[in-house]
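Each structure below appears as structure tokens.
Two complexes, one shared chain (chain A), two partners (chain B, chain C).
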Partner chain A sequence: MSTPLVELHELRKSFGPLEVLHGIELAIEQHAFVVLVGPSGCGKSTLLRMIAGLESVTSGTIVMDGRVVNRVPAKDRGIAMVFQSYALYPHMTVRENLSFSLEMAKTPRDVKQERIESAAGILYLDALLERFPAQLSGGQRQRVAMGRALVREPELFLFDEPLSNLDAKLRVEMRAEIKALHQRLRSTTIYVTHDQVEAMTMADLVVVMNDGRIEQLGPPLELYDRPATVFVADFLGSPAMNLIAGTVAESEAGPVIDAGDDLTLPLSPGSAVRPGAEVVYGLRPEHLRIGDGPAGLAATVSLVEPAGFETHLHADVGGQVVRVISTERLDAVPGDSIALVPDTARVHLFDSRTGARL
Partner chain B sequence: MNATLHDSEAMTARERSAEFGKRAVPYLLVIPGLLFVLGVLGYAVAGGFVLSLNETDMFLNKTFVGLKNYIAIFHNPRFQSSLWRTLAFVVLSIGLGISMSMMFALTLYHVGFGRRFFRGLSLVPYFVSGIAAAVMFRFIFTTSGGFVNYILTTFGMEGPSWLGNPVLAFTVSILANAWFMVPFATLILLGGLQTVDKDIYEAAKLDGSSGLHTFRRITLPLIKPMMGVSLIWVSYISFSTFDIILALTAGGPGRATELISVYMYQIAFLELDFGQGSVLMVMLLTFNTLLSLVYLRFFVYGDRRYKVVS
Partner chain C sequence: MVSRAERAPHPMRESGMFTAGLRHRVGRFLLIGIPLAILVIWTTLPILWAVLSSLKESLEIYESNTLLPANPNLDGYRTVLAMRGFDSWLFNSFLVTVVATIVPLVLSIFAAYGFARYAFRFRHILLLLYLVPRIIPRVSLIVPLNSLMSDLGLINTYWVLFITYTASAIPLSTWILVGFFAAIPKEIEESATMDGANMWHRLRRVILPIAWPGVVTAAVLCIREAWNEFAFVLALINETSMRTLPYQLYMLKDSMGVQDYAVYNAFTVLTVLPLLVVYLLLERRVVESIVSGAVK
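This part shows the complex of A and B:
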């Protein structure tokens, strides 16, 4: 494997007495699309801004292309950044916005022209070059912001929640566009978002952050299928995974989870768990099937959300609200009694004290 | 569609008039203030203009003389020199005032510790009346016992006669004027700086723009409207300044600091020539109005290319 383009070692950041990043270790390969995801305040934006050179490093090192860049000014790091607010220069035309950085770098006129035209072509900005940002729609401004990053031909693209200001439909479109762009240009990208759907759909490598630490990192589906902690299990997936606390108990059919209130949750027969252990039982909504007969967990429907392709159901099981996704059209109404059959092979068990996967 | 339902959904006359009333309230509330301003200002301006076309005796009996007062004033060498002096005073005051305001605004913008305190402190000169400011400057620049000369003496230097030397007195007047008008201009510019999205500066930094370059290419164009407003303020104050000069130098030494406003006072209230005094008032008004229009044209409305979005 080639050397990573970006390496972070023991990276820490404090604002006054408050430490917001607690020793981040991360290596980012050439051409990778890395998404930093986590709830607000988890430190993901701060981390991105430190990589960009907009925020100083308290301790630890940032290595880019084999060179420590802790004290290298932002403009000399070979990076380009797309801001959440787009941060376009409102008094400049799209063309001037694109050419600003090239002017700063004293790029020859013909090269400048060529780069602007090529970026405009890629991002469908050709017809908008003489317009001012105020005359553009949100999506178009987003494209200009990306174009401004593109013309610099950076080694590393940074995106700071670039889609948060767009409406839902446009967000999905731009998501696909950014991913397609990356597949075409293969430029290394670090993308910050709090939207787990963006993280799942766009990333080669998802880095889930929580409270200034990396909770887990890996390919999206690996994180989805094998979350290392309760936090990751809860954070990735929408609707979120059902998480029920209980104790491991024995039954004739093998180990089960006793979740109190006469609620007993089945495990697959081979589960290697110690009886008496306090655990969190996790099961994704799509891994609960609505049974035909009485077999399964007795549940009462409390909410039905038809989403078109699938139906989301909230049901009360032994005092716990459980989310279920069914790809069938359901005629259930609140108050109906149903039976839920868990797919025991897909059960996730976590230590209830540490939150770690068992 | 159900006809009765449709009817009941339509606005009743009462609802419509209530709606109209709601929209009319702001205008109604503005009217008293508007009348007051028009009454005081409009009456003074119109009355002054009428006076400028008349000769008035000490019993305020008016005789219409057309442009005679204007012609007399324009041919008066004392007026001509006060006009050039005023223009010099205004140009220098604007230059000094705006650059100081910009410096203070930028400094206050970046002040982190004690931000509110420093911002409040910076406004203090604005709350001091012109007369008081002038008296203070007298204390500072008085030849014997003045603060500046005291400092110079401790270094073994003999201080000049600040208010006795024409050039120095003119300079001190400009300083005092700047001291008085800078705080408000600073406030306007600071407001302008705060409207600029911080991300834009970070984007410029990443684009490789240096601090000075960012100021010239990004900050200045983006605060252009506020720059225009503070220019209007600074020019207006400088053209019209009267109390500061009167209390500081009274136009002296000789006529070294006799600006049009001071000359106007002398001609109208000491020589009791209300006609010629009014001519000067009309001139000041015209200067201020024209200059404000120029600023508005070039700074505030001149650039419609962008909306400054906060």
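This part shows the complex of A and C:
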């Protein structure tokens, strides 16, 4: 692989006495689509703005194209950024919004014309070029904001929650459009969101952040299948993974998890766990099957959510609420007694003290 | 540009809502119409009175109580325009106003940008101190200013007016502009930065156009301050040819044995007129830029 386009080393950021980023280490390859995801306040925007040059670096380095850019002003980094609020210039028409950066770069008139037309074509803005931002819908404004980034043909695109002001349907549409755009232009992209679905569906590389640290990074499915910590396990996937605290115990069939209240959770026979260890037992909702017979965990249905293709079910198992997804049409109603069969091969075990995967 | 007002649907078109509409309209008239009418009368009546009086004959005002002139004529205006020195008073007022509008405006645009956009030490207290010159009564400044300016040898020069007027206009326009600049979302400016704009470009191409109504408001207030200023010019100028229009208007009272109210009012009207024209022109610009939706 070629050298990474962006490298962050031991990057820290403090606002006054408060440190919000605690040593970020990240390399972003040429042409990658990287999604920074994490709960509100974990420092995603701050990290993105530091890469953009809008926020100063407290310590550590930002390297672009092999050059340390800590002290390069934002306007000279050649990065395009799309803001959550779009931040369009309200006093300029769409055309003027698109051409502003090209004017600043003293782009020749014919090149400017050509770039604007090509961006407008890609983003379906042709008919809107003479309008003012106030005369556009939310989705159209969003596209103008992207067009403004696009005309510059930058090496690096930054997006800070660009879709969070759109309604659900438009969000799904724009998600696909952004992804398609990336597949076509191959520009390196760093995309911030707190929506794990966006992260899963769009990214080549997902970076899960928590409280100013990188919790785990990797391809989306790898993170989904092998979360490194309880936090990642809980954060990715919707409905979220079932997480039940318990102690490893022995039985005739091998190790099991004693979760109290007579609740015993099965493990696959080969599991290498130390009896007596305090663990968190994790199982995704789709890895629980509703059994035909009495075999499995006795449960009481407490909530049924038909979602069309699949059905989401909440069930009470030994005092714990367990989420189940079934692709079969269920005729269960709250109060029904059912048996749940865990797919023991898909169980995740975490150390309950450190949260790390076992 | 499409006016957005045209597209607004009329809320009361449906027939069944006629009485509700009527009540709504009566209510609106009581709440808005009447106070507005009183305000308009309150502000325009003195001007109207001045205009009508300026059209009367010299001594008519002492003889009859009617508002309308019995024999309207422009003699008052002729007398004023024929005064020796009128053109230099007009020129002085004009020059001083132009300088004392442009200079404070430019300075306070930079100052306000700094106050609105940069967090620096003592920012708040400095902004408050900015107001001090306007809190101190102007009259109390006259004696010290006069002796200061005498020592500097600036009495009876344009400089003394440029300096004092500029100094008194800066706090006002800075405060107005800080408000307008601070209201512009930081992200708009940041996205200009990402687009490669330096501070000068951001100010000129992004901040100023968006805050244009604020700039015009500040300009109008600077113009009015300078054009109508009286205390400083009285204290710092004593040569006849260096007077401004308000100063001369005041001098008119003593220079005529019997008060000639026609001339006096004609002078007043001629003094107010340029200001009125400026007001109307600039006010239209502000309303236009707001209505067009260019500024949100």
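By our rule, the second predicted complex is superposed on the first by the 358 of 358 C-alpha atoms of A that agree within 3 Å, B and C clash if a C-alpha of one lies under 4 Å from a C-alpha of the other, contacts with A are read in each partner's own complex, and residues count from 1 in each chain.
What we mean here is this: contacts are C-beta pairs under 8 Å (C-beta built on N, C-alpha and C of every residue); 3 or more make two chains touch, one makes a residue touch a chain.
Since the structure is predicted, the reported quantities are computational estimates derived from the model, not experimental observations.
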item: Side-by-side fit of chain B and chain C on chain A, or clash; value: clash
item: Partner chain in contact with A:Phe83 - chain B first, chain C second, else both or neither; value: both
item: First (chain B), second (chain C), both or neither touched by A:Pro219; value: neither
item: Which of chain B and chain C A:Ala74 touches, first, second, both or neither; value: both
item: Which of chain B and chain C A:Gly41 touches, first, second, both or neither; value: neither
item: Partner chain(s) touched by A:Ser101 [first = chain B, second = chain C, both, neither]; value: both
item: Footprint overlap on chain A, where chain B in one structure and chain C in the other make contact; value: 52-54, 74-75, 79-81, 83, 85, 87-91, 100-101, 104-105, 132-134, 148, 152
item: Touching residues (chain side chain C, partner chain A) in the complex; value: 1-2, 4, 185, 187-188, 190-198, 201, 205-206, 209-210, 212, 292-296
item: Of chain A, residues touching chain B in the complex; value: 52-54, 74-75, 79-81, 83-91, 100-101, 104-105, 132-134, 148, 152
item: In the complex, chain B residues that touch chain A; value: 197, 199-200, 202-209, 213, 217-218, 221-222, 303, 305-309
item: Of all residues in chain A, those that touch chain C in their complex; value: 52-54, 73-76, 79-81, 83, 85, 87-91, 100-101, 104-105, 132-135, 148, 152
